[in-house]
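Two complexes follow with chain A in common, the first pairing it with chain B and the second with chain C.
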Partner chain A sequence: MTQTQIIAARLALLAAILAAWALLPKYGVLDPRLLPPLGDVLAMLGKQLARSQVQEAIGVTALEVVVAFVIAVPIGAAIGVAAAEFEYFGQIFKPMLFYVFSVPKSIFLPMFILIFGIGFPQKVAYAAFSTVFIVIMSATAAVESVKADHVLVARSCGATKAQILWRIYVPSMMPVLLETLRISMIFNFTGVMIAEMYASRTGIGHLIANWGENFQMPELFAGVIMLSVVAICFNEAVRLLEVRVSKWRT
Partner chain B sequence: MTAIEVDRLSHIYAGAEGGVPALEDISMTVEAGKFVVIVGPSGCGKTSLLMMLAGLRHQSTGTILCDGRPITDPDPSRVGVVFQEASLFPWLTALDNTEFPLALRGTPRDERRRRAEDMLNLVGLQGFGARFPHELSGGMKQRVSIARGLVQDPPVLLMDEPFAALDEQTRMTMGHELLRIWSKTRKTVVFITHSLTEAVYLADEVLVMSARPGRIVDRIAIDLPRPRTYEMMATDTFGKLRERIWQQIRKPEGTLS
Partner chain C sequence: MRRPSPSAVRWMLLAALLLLWELMPQTKIVPELFLPSLSKTLTVLWKDRVEYAENLLVTLYEVGVAMLIACGAGILVGALVGGISVLRNLMLPVFSSLYAVPIVILYPIFTAWFGIGSESKIAFAGIYGFFPVMLSTAAGIRTIDPQYMLAARSMGATLPQQIVRVIIPASIPTVLSGLRLGGALTIIGVVVSEMLTASAGIGYLVTRYRTILDSPHVFAAILMILLLSILFDLLARAVERRTLVWQTAGRRVPSAGAATSTTRMPAPAPV
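Moving on to the complex of A and B:
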């Protein structure tokens, strides 16, 4: 298949799903109480976005996501790079990190509530916690993706430590780093949502949990669409960048 | 004039039971403009020696002089290095790869470009500057590596099995090309290879190393006329020289001639 054909097929798939969503509930093939037609959901989305309570919740959630991300990524990257670069540090800490990485982070949520209470700090702390391990793992992988041969060549060309870092490490690691950014955002976003849905007074996750409990399906799906669009946009933006900096990787 | 002078160099890699002796009492002198080839069994320390000549690794004892001054750290203005393969930076174009050593020194962009382009022309890659390494053949990649090694115009070029990863035909062509480049630039070349034919074809002098710990067990002057031609490979002299090197290499460990 040519590229155009593939894109056409993808658009057709999307259109088919949206059409099914719009039509099947309308004609009673699917229960509209469980899956309201797309049109109703979009109308509800517009209505909700106009409400100040929803706007406020979006603001809170966005801030939590950003703050948790800004905390988790540098800390995780620093630990990950250290684990890869400093042999002893890595040998001592790596197994522990791997163990904790394998445990589902949500089981620690009650602890975060006990420590931080319910609110902004608890959401941020929990989301950062659930993100930091994937950042550590990926940063380690990123450092390990730097080829020793390339470092050697750079040294033979007279590169200083700083030049090796900037001209060899950074470009070698960039594709993996962007991938890390993308994947850790998924973890981070999930962390905030879980924390908000579990126990919260505000935020989109809290609203979605409420709508679900009260069987407000159009609202619930409006929330789902809203979050999906934001998540997909971030993901695709980073991925575009990733493709651009990894051109040489083929 | 002497380009490289190695005096009683030994090296022991740290490890169990006092370490691994890799090189033992290596002394050698390379006259400026000469093409010297080092051969020896796998693991005899050829790469280690080359790394020390390049200032990339410190020997346990002994000294290395290049242009009369000791080598302790990499100095691309005195010594250029070409490695076996895949040593180009895949995220840089052929031109940017060639420029790399100059960029490190902060050479102005225009001059950098000009010199890198000159080098690419010299190695026969005019018009390929914008290609990325994955868009080049193995032979072309090694041409870029040579261009990069020469871009700072060092008097000495070190090459560690630069053509080992190439197919035989490309390898022959590259050897021939290298001689052309060498005769144009009059560099001092130290070249490591496992191919005895390549060794005889390229060298003014072949140094034969023994198995671990590596020592120089023979120095064979190759007095074939230059420019070398493929036809020479079929001559008696060529065969005899090749045979002599082979006899030295296959000698059991520990016997000195």
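Moving on to the complex of A and C:
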């Protein structure tokens, strides 16, 4: 199949799913109380976005996501680079990181609540905590993706340390670094959402959990659609960048 | 002086961590409310062992069913998507885009549909574990050395023979690493959903004792979940090592995670 055919097929699939969502509940095939028709959900989304309470919640959530990201990425990157560049340090910590990965971070949420309360600092602290491990791991992978041959060639041509850093390390690591940013953003976003759903007074996650408990399905689906669209758009934007900066490799 | 071996340092770190857990609360460096001492946590765990065991059983039941669903559906869909090139080109990029959506926001929908009993946890954790299993199965089937298939076909193997003798054995390592990740994710999914809304299970205990600020009980439950996920990981690794024997005994060690960048395994557990 050619590229255009694939895209056409995907769009057709998406259209079919959306049409089913719009029509099946309307004609009583599915219970509209459980799955409100797409049209109702979109109308509700517009109505909710106009409410000042929802706008405020979006602002709080966005700020939490950004602050947690800004805290987690430099810390994780520093530890990750250290684990890749200093062999002994890496030998000690890398196997531990794998175990840390198999442990659910969310069970430490109560600890964060006991220490920070349920306000803004707790959300940021928990999201940064749940993000930092994936940053460490990807930063290690980024440094290791630099080919030793390239460094060797540069050094034999008499490149200085700064030149090796800028001409070899940075371009080699760029695609992996962008991927790191992308995946850690997924983790970070999920962390903020869980923290807000678990115990909170504001934020989109709190609203979604509330709508679910009160069985307000149109509102709930509107929230889910909004968050999904934001997450997917960010993800695809960074992926496009990734493809661009890794072109030189092929 | 020679440096101690990395694994010795790791055990020392673990011992130091446990020691700090015991001493810091006792010497009041950290308030008991934030971190009750290890001995106190263990005493509480032993005292209420019946309650913890009953809730552990609920959690284990949910994890078991969710794992069956995640692995069964994941392997089936993964095999289809990995084996049929039309489906692969069509669907794989879509799945990796969907991976960006925090699945936890779907949980309120499941509680509205299935109630707050075990069903909603199983549905949520099943979906949570499904993606890594599906993606790694697809990658496992895709990265089979084409020479194996060519050799089998030129010797006249039928399709069922190709599947049983070539495709399944050759894709097992990648599928198993996906199962390990998927299994870990189902445990996480069950615990998270129990913490959010539930009426039983270890995660429910965490939340219930947290709301009445009873931190020794909270940490006892946390300790149990930690042990559960580490035990699962050890078990899964042991199974993986055993099944890999036939491959590493041969000439060439195939790289199990050799997925290309388009189908790279998703990073584990965003929770």
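Quick notes on this one:
Convention: the second predicted complex is superposed on the first by the 248 of 250 C-alpha atoms of A that agree within 3 Å, B and C clash if a C-alpha of one lies under 4 Å from a C-alpha of the other, contacts with A are read in each partner's own complex, and residues count from 1 in each chain.
Everything below uses one rule, namely that contacts are C-beta pairs under 8 Å (C-beta built on N, C-alpha and C of every residue); 3 or more make two chains touch, one makes a residue touch a chain.
Everything numeric here is computed off the predicted structure, so don't read it as measured data.
Superposition of the two structures on chain A shows chain C fitting alongside chain B with no clash.
Contacts of A:171 after superposition: chain B is touched, whereas chain C is not reached.
In the superposition on chain A, A:236 contacts chain C only, with no contact to chain B. After overlaying the two complexes on the shared chain, residue contacts for A:190 are found with chain C alone; chain B is out of touch.
Touch criterion not met for A:206: it reaches neither chain B nor chain C. Put simply, the three-chain overlay gives an angle of 90° at chain A, taking C-alpha centres for chain B and chain C and rounding to the nearest 10. Contact with chain B, but none with chain C, is seen for A:150 once the two complexes are overlaid on the shared chain.
Residue contacts after overlaying the shared chain place A:223 against chain C, while chain B stays out of touching range. Within the superposed three-chain arrangement, the count of touched residues of chain A is higher for C, of the candidates chain B and chain C.
Once the two complexes are laid over each other on the shared chain, residue contacts for A:158 go to chain B alone; chain C is not touched. Of all C-alpha pairs spanning chain B and chain C in the superposed arrangement, the closest lie 13 Å apart.
The touching residues of chain A, when paired with chain B in their complex, are 147, 149-150, 152-160, 163, 167-168, 171-172, 245, 247-250.
Per the touch definition, chain B reaches chain A in the complex via residues 54, 56, 74-77, 79-81, 83, 86-87, 89-92, 100-101, 103-105, 132-134, 148.
On the chain A side of its complex with chain C, the touching residues are 1, 6, 9-10, 13, 34, 88, 91-92, 95-96, 99, 101-111, 113-115, 130, 134, 137-138, 175, 183, 186-187, 189-191, 193-194, 197-198, 205, 208-209, 211-213, 215, 217, 220-221, 223-224, 227-228, 231-232, 234-236, 246. The part of chain C that touches chain A in the complex is made up of residues 3, 6-7, 9-10, 13, 33-35, 86, 89-90, 94, 97-109, 111-113, 184, 187-188, 191-192, 195-197, 203, 206-207, 210, 213, 215, 218, 221-222, 225-226, 229-230, 232-233, 261, 267-271.
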